[in-house]
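Heads up, the next two complexes both have subunit A, just with different partners, subunit B and then subunit C.
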Partner chain A sequence: MNLNEKVYDISEVGSIEPEGDREIVLQIGPAHPGSGHMRIKAWMDGDIITKVDADIGFVHRTSEWLSERRQFIKAIPIVERIMLPDTVHANLAYVLALEKILDVEPPPRAQYLRSLAAEINRITSHLYGIGLFGIFLGSSTVYMWAFGDREPFIDLMEMLTGARITNSYIVPGGVRWEMPKGFKEKAESTLQYMENRFNDYNDMWVKNPVVEARTVNVGVVDRNRAIKLGVVGPNLRASGVDYDTRKASPYAAYKDIDFEVPRMDHGDTYDRLLIRIEEIKQSIRIIRQILKDIPEGKIIADSIYSQLNPVMKKVFEQQQRVMFPAFFNQMRPASAESIARVEAGRGEIFFYLRTSGDKYPYRFRWVTPSFRNLAYFTDVAVGYKLADLPAIYGSIDYFPPEADR
Partner chain B sequence: MGILLLIIWLIQDLLYLIVFPGLIVAMVLVILLIYLERKIAAKVQMRFGPLYVSRKVGGALQSISDLLRFSFQEFILPVGSDSIAFLMAPGFMFAFAMMPLIFIPVGPYYSYLFPSTLTILFSVALITITPIYAIIVGWASDNKFSFIGSLREALLVISYEIPLLLSVIAMVIVYKTLNYIPAVAFQETHLPGIILNPIAALVFIIVAIRSTGRFPFDITEADSELVMGLYTEYSALFFGIGMATPYIELYALSLIFSLLFLGGWWPASGHATGLLAGLFMPGVMVIIKAFIVMIVLVFLRAVYPRYRVDQAIRSGWERIIYLGIIAVIISILEAIII
Partner chain C sequence: MSDKGKRKLRGNIEGNARALATGFKYLVEPNRMTLDYPVESMKLAPNYRGFFTVDDKKCIGCSMCEMVCPPEAITMIPRVISTTGYTLPVQQGATQEAGAKPAKKTKRPVVNWGRCIYCYFCFDICPVDAFVSSNIHDLAFYNDADYRPSYEEYLKLPEDPVKKSKKVIPKPDIKRGIKYEPAP
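Right, the complex of A and B next:
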């Protein structure tokens, strides 16, 4: 093999030559207040964007590579750290794929607790997105409000799971902690607080004339185009497609829960803002139902519980928390493959797991919603003005580490 | 005797320019204003704002600490920049932002610097010079974001200068003078300008927000689009001067607003003689009014996001200019009646 052979011309990769005399090329990022951890190359004709290219990979964390070299249970913290605003969903997607291989069915109470954690997490994730959208349009107030209102929900997660962000709450066969005493009351008061705050958000943000001027009819994606571009999650539903993984292939407790999938018609930036607020309202409704209907019972599957040693069983009886014996690390599932789909805050997570009878996964592959929404972003911004770029970028709620994985 | 008068005249002018209401008072007010701006916005946004510098006085020294930090930072001259223009433009910008104060009297007797009967005309004309240096700043920086910022500044200045002049012309028609002192005297005998012609006041306020880059017209420095707009390549004290200039402009415009629309030194009407009551009390009154206007304008940061540049230009040409024409028509009718 000739090592000097030119296999890849590096000069072609980052080509940023403007086309024609009128164009200039803006390199927005990776150190730019409006880019996040990526570089947006924008070809501009005057104030009009003619082409957008997203240069991603600045925060690639090799989550798949790392997980293929660790025991199964140790991949949970790794997938969580990829989707920091949305940890429960990453955790849940991986555990669902693993449970299918292990053939474990969690008890109903654990299913409800999983949905509870997921919905609290969805609210924090949407508030995160709304806050960043606010600062992209220049409203520091909504930025601070959304991040401040995220705190009560993070406190709820701390009460439920013992950690604020990286909970590692969901484990194969169930969840790790029982719902603590006083949780229902605290959750109800938090939900009421958030419902009262919606009026403030309406006055300051949703009904603000400047916001309407900046977002209505900006970045329009109609139904067919959204489906063709492979958009997922709230961005897809903002374009009028009635698709939600929670309804399409129910997991956790969603088949027993009555909720609606909000949908918008127009698919512009304003609809993508409204749909997140509507989804927070639906999440509040789901949490209320879960707190009302949650069945009694164990939080871990019997097949897992029977393997605990007496000390751990005693801990479980007294403190209602699951301690795993060390041999769990040495788990060697039979050779099999499985997929799992979870509706995360930003859209559908697709998980593929293949085992070979070894104690490490043979193949560990996942596709995150932000990655799928990125193609959408580079396509939709063309033809709009430079000032619309942060508006569209903020409205798709793109989280760079999640896309880079 | 003549020399003595000349010396008194010089001392008074220096005091006027450098101490009150000139450089020192302006800087103190700007520092106080930046602190209040951050503190009020923080109150709306459920946080503390500046706190940890001088905790006992609620972080009031934060702006001074920022100023000191700017003073001792390393200054970086970009390689591709037009260095002379790059270095000179912020200074000129600051100087021209201060210059309208020469023609703005803060009391009936405390304004001898350039004895003129055309003070309104001169001060407004000087205000319109500052943006030229903003455009030079953007051009000299050799940065695409600065360049786009300066283009936006140029487009916005063109679309908002005419409404500013129309609103001032409207008040000149009512007061039948181009001098601030008779204008304030007219308001003392009749009504404050904001009641005589509220539309002209509205136009003036909108243009003041626009030309000082307050929200929702924070378009030339839109950080999510243009990093720091005009000042992307600036550092150290030059950056500090660039940041202070809009506040000085805001100070000058607020002084003009309080003289033209809020009755100037109205309750403390300078009829009393003596140093304190005759000279300083009217000035303090004007500055208090101007400061309230400034606080209201900087508070908008907590309420509005920013407009897109084409929306701001369109509203300038399609709405604000007609409001200005309506204000002039109202003034003509009033001038016929009064």
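Right, the complex of A and C next:
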């Protein structure tokens, strides 16, 4: 691999002047028909794309600024709202970083419940991506199917946490609610339903000649290129790189869970669709293992539980609901810094948290997978036709609010 | 990109036939997951996070919920404890208990529904577990002012807007994903 090769020239950003007589510049967006607001500037030579620039920031929500001016516990709903299809992972990444500073270790049952919620969330996130990919290619059938099939899994999350999307399930020291009665049976029939549905997806969509014609050999990024661009998540694995944060630095219960990291060879748009389906299959396998092997015990660390008052302890025994000790309100961790990495649905979330002994974080920094995959996007469409752009954009599973933060 | 690594497309006839057959299968026997709302509505689990109120007698006015509220939806309003144990507005308490023992000053939370995100952090931080939850979630208000109830209005839970509809329970189903069964 030649590391000196130019990946992306920053001086070209912002210039929208066409170069030469043949070239025109197309502005696609920012009122985007897809997953959110962003603008794609495409330099065209006839029907061929010569350069692409992504103009982002239309849905910037100042999550870092807001979190640095609030108590530590209040950042949980803020980070969730940035990654709406993928809330559990954002929540988990932040709490992992905070737990390292507070020096709290959750008990094994809480670790398993975290992994359980994360995997259910990964399935919903991938179905969301597949659905949007479908509508980008003009197939409203798959759009409706994927969003419909997301519903049983969201229903599972609702049963577990009491909310459909913005669960706020994970807190420092453990999780907030115990697994309710009847959850295992409900989860098992939902998983079986999803496994049966793969046949329909294959016949209707994945092995459909129309889809193959539009996606195979389109938007190819080979292994070295993907590594150099710093791509993360399923997009990286679609290019043949065997990298998954769940294996590379295991968090939650992934140490004890047996699963494979699926990987494709060609790195084209079609592979980026297949990898998501393979990952859903792996998630189903993980959920089955968790439901079988989940250990008994508390769902909150003893150091947190011991700080609860008698009323709160009684509530925990009766309702299996973890209440917050008063120190969650006035957390003042000593000066320290920590990082956390979590494999979210779209790739790796990186969290950096620095405390200064104050009641607010001194620095709150996170990099979301969509932001990293943006580099990929400016590179991958070059040389293909304009008609391939929706397929390429859809396959990357880019979620603008997640990148803008 | 050289042609060496390119993959070949599969045949057209079989794939198209399979897609058409699957489409036809779902044309004849569609799998609808949507609910005929508001004719039918879901009976939600007891742990569903909906509108909530506070138990006036349990609350001790400690302001922990106001401090923990992430969107700053909770405001503490001054009240006085009457002889019956319930709280009264400051003005009213002063007139009723004039000459009697000095009314004990306290505070009570009121939620601005326009700001609340239903994270239930207030439930979990409350040292006396004074909040009361409900399943009601599908409610909007006609006026902006209605989103900010007074304490008396806040104590009464809003009425379920789909009370008269047929209540169903979503059940997972191996064939259909979700099946709605009539609630008992």
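FYI, the second predicted complex is superposed on the first by the 383 of 405 C-alpha atoms of A that agree within 3 Å, B and C clash if a C-alpha of one lies under 4 Å from a C-alpha of the other, contacts with A are read in each partner's own complex, and residues count from 1 in each chain.
In this text, a contact is a pair of C-beta atoms (placed from the backbone, for glycine too) under 8 Å apart; a residue touches a chain by one contact, two chains touch by 3 or more.
What you see is a predicted model, and the numbers here were worked out from it, not measured in a lab.
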Which of the two partners, first being subunit B and second being subunit C, lies in contact with A:Ala163: first, second, both, or neither? second
Larger contact residue set on subunit A - subunit B or subunit C: C
Name the contact category of A:Ser303: first (subunit B only), second (subunit C only), both, or neither. neither
For A:Thr62 in the superposed arrangement: first (subunit B), second (subunit C), both or neither? neither
Have a look at where A:Asn217 lands relative to subunit B and subunit C in the superposition and call it first, second, both or neither. second
For A:Thr190 in the superposed arrangement: first (subunit B), second (subunit C), both or neither? second
First, second, both or neither for A:Thr141, with subunit B first and subunit C second: both
Name the contact category of A:Asn208: first (subunit B only), second (subunit C only), both, or neither. both
Touching A:Lys385 in the superposition: subunit B (first), subunit C (second), both, neither? first
Check whether A:Ser335 is in contact with subunit B, with subunit C, with both or with neither, and answer first, second, both or neither. neither
Do subunit B and subunit C touch any of the same residues on subunit A, and if so, which? 141, 148, 204, 208, 210, 213
Which stretch or stretches of subunit C touch subunit A in the complex? 1, 5-7, 9-12, 15-16, 18-19, 21-23, 26, 31, 33, 44-45, 47-49, 64, 67-68, 70-71, 117-121, 123-129, 170, 172-178
In the complex, subunit A residues that touch subunit C: 70-71, 73-74, 76-78, 141, 148-149, 151-152, 155-156, 158-159, 162-163, 166, 168, 176-177, 180, 186-187, 189-190, 192-193, 196-197, 200, 203-205, 207-210, 212-213, 216-217, 220, 222, 266, 268, 309, 311-312, 315, 321-324, 326, 328-329, 383
Contacting residues of subunit A [partner subunit B, same complex]: 24, 26, 32-34, 47, 134-142, 144-145, 148, 204, 208, 210-211, 213-214, 385-390, 394
Per the contact definition, I'd like the list of subunit B residues that touch subunit A in the complex. 41, 44-47, 144-145, 148, 215-216, 218-219, 222-225, 227, 301-311
